[in-house]
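Same chain, two partners: chain A is paired with chain B first, then with chain C.
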Partner chain A sequence: MSPLHETIVLERTYPATPARLFAAWASAEARLAWSAPDGAQLVFDEEDFRPGGVERSRCGPAGNLMFALESRYIDIRKDRLIHWLETCRHGETLLSSCLLTVEITADPASGGARLVLTDQVTAFDAEMIAGNRAGWSAVLEKLSAWLAPAAARA
Partner chain B sequence: MLGSANLIDVVHSDIHLERLYPAGPDRVWQAWADDASRRRWFVEGEGFEISEYSFAFRVGGQERGRFRFKDGPTIYNETAFLDIQPGRRIVYAYTMGYDTGPFTASLATIEIRPEGQGSRLVFHEQLALLTDGADGPEIRTAGWTDLLDALGRELSV
Partner chain C sequence: MLHHQNPLDLAFHALADPGRRLMVDRLSRGPASVSELAEPLDMSLSAVVQHLKVLEAGGLVRSRKQGRVRTCELDVPALRQAETWLNERRLSWERRLDRLGAFLAETDPEAPR
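Here is the complex of A and B:
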């Protein structure tokens, strides 16, 4: 099939400082806690959060980590921006490639931080577009839950 | 545009170009995949001074170049090939930048399809503009338009 191209933009406001929100993305240990979709398992094989760094992980239903993810960080600006390329493969087959941008700013109105995620997707399977949108939406909700306890303590 | 929803300075846009060439898909493919042919129409543009160039056309391989346009600063171009379907499709990601870092990141797809006696080439690029003063979607579109013209000349040789 012909490739499909889509730009998905998701915005959320979190009750956390930009520094804390950025930290949630900056370590694989933190990401592991909030970025696996419900019912899925995520295993990080390589972590390298710096411009030019490459990370590898696998995900899928528990016990069947059929999808290989590779992230290549292009630009990182502390507490403000993370920009990376992410590919998802099943065996040798490229299912999707995405240019992802996460932008973080202080949100004076709420005293928290605002996050804008832009996902420029090229997909070779129609389900990958909807899957990207649903997946990132779910993950951003889980990030909210992950950030909430500490915000409540503060 | 979507870019206006962004809070900082990254601008996201799409570039889509299509061309009909009077050459078969195999010939068009060869112009992208063959080192010497690619170098003629894609790398050695008029006014460009190339200081470094390498090309490893395989999934996981890279094309890397450093060049100056007229009296401008040195710019690098680093491409990673993500998917290669011989004769039909190339998916690649590339960044362009100065020595201080990238100014754009792109995800591009080239499709080649037989059409009539020739081939249709479909080019689609998803572009993220990372810094102020980078070339931007209009200039990038003009650049690709010139390149696809150059490809047309290469195919007519």
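Here is the complex of A and C:
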């Protein structure tokens, strides 16, 4: 199937200074505390938060870290901007490639900081990703493994 | 009767039975009526209907009734909803940004302890 493209934009205002908000992204330890997807486990293998730096992590359901994530930081401006490319692979297969931008500005109205996250998604095999997320691929693999000999018999 | 809540458990439970696997095998070659499904199996129609319910609960098969004939097919198109993934990614970011807010509140050096 052809790749899917989508841009996701989310905005939040936090009662924190831009510096604290930025620090929550800059430290892998802090990120680990809040950024693991729901019901999933996240393990950082390599941390390198700087322009040109590459980070590697794995995520998936607990005990089955089937997705390999690679984050390549394109630009980082302290307390203001983080711009990176995140690829997600399952084995050798590239599932998605996402260009992410986090913009942080002071929010004078609330005295806090405003965050705008823009996620430009290119999903190459969304069926497989959707299937994997729901735990379906395991079922289908089992199914096809069972069907293959059945088809051979037919 | 087991009560499986997890969709994966339900699907595996559905595939755990050889008779049901034969039904899935048959449906992988195209839709079939309940009696067509029952024919090659040494099973009563009511047993086939029971198995069908398990397969439907497992999200592997769906059926629709036209007149007196119930036609079954593999529920594969349901897996082909790419929007599901994109929606899930959006939701995932929303939840993570919510948790970021909670994290910032918990680590606020000026917050009263």
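Quick note on the criterion: the second predicted complex is superposed on the first by the 124 of 154 C-alpha atoms of A that agree within 3 Å, B and C clash if a C-alpha of one lies under 4 Å from a C-alpha of the other, contacts with A are read in each partner's own complex, and residues count from 1 in each chain.
The criterion applied here is as follows: a contact is a pair of C-beta atoms (placed from the backbone, for glycine too) under 8 Å apart; a residue touches a chain by one contact, two chains touch by 3 or more.
The structure presented is a predicted model; accordingly, all values stated were derived computationally and were not measured.
Residue contacts after overlaying the shared chain place A:Arg80 against chain B, while chain C stays out of touching range.
Comparing chain B with chain C, the partner in contact with more residues of chain A is C. Once the two complexes are overlaid on the shared chain, A:Gly60 sits clear of chain B and of chain C alike. Shared interface residues of chain A, touching chain B in one complex and chain C in the other, do not exist. Taken in their complex, chain A has these residues touching chain C: 1, 4, 6, 8, 10, 12, 14-16, 20-21, 24, 30, 33-35, 37-38, 115, 117, 119, 121, 123, 126-127, 129-131, 133-136, 138-140, 142-143, 146-147, 150.
Listing the residues of chain B that touch chain A in their complex gives 2, 5-8, 10, 12, 14, 80, 82-83, 89, 91, 93, 95, 101-102, 105-107, 109, 111, 122, 124, 126, 128, 130. By the touch criterion given at the top, residues 7-8, 11-12, 15, 21, 24-25, 28, 60, 79-82, 84-86, 88-90, 92-97, 99-105, 107-108 of chain C touch chain A in their complex. Of all residues in chain A, only 2-3, 5, 7, 9, 11, 51, 72, 74-75, 80-81, 83, 85, 87, 94, 97-99, 101, 103, 105, 114, 116, 118, 120, 122 touch chain B in the complex they form.
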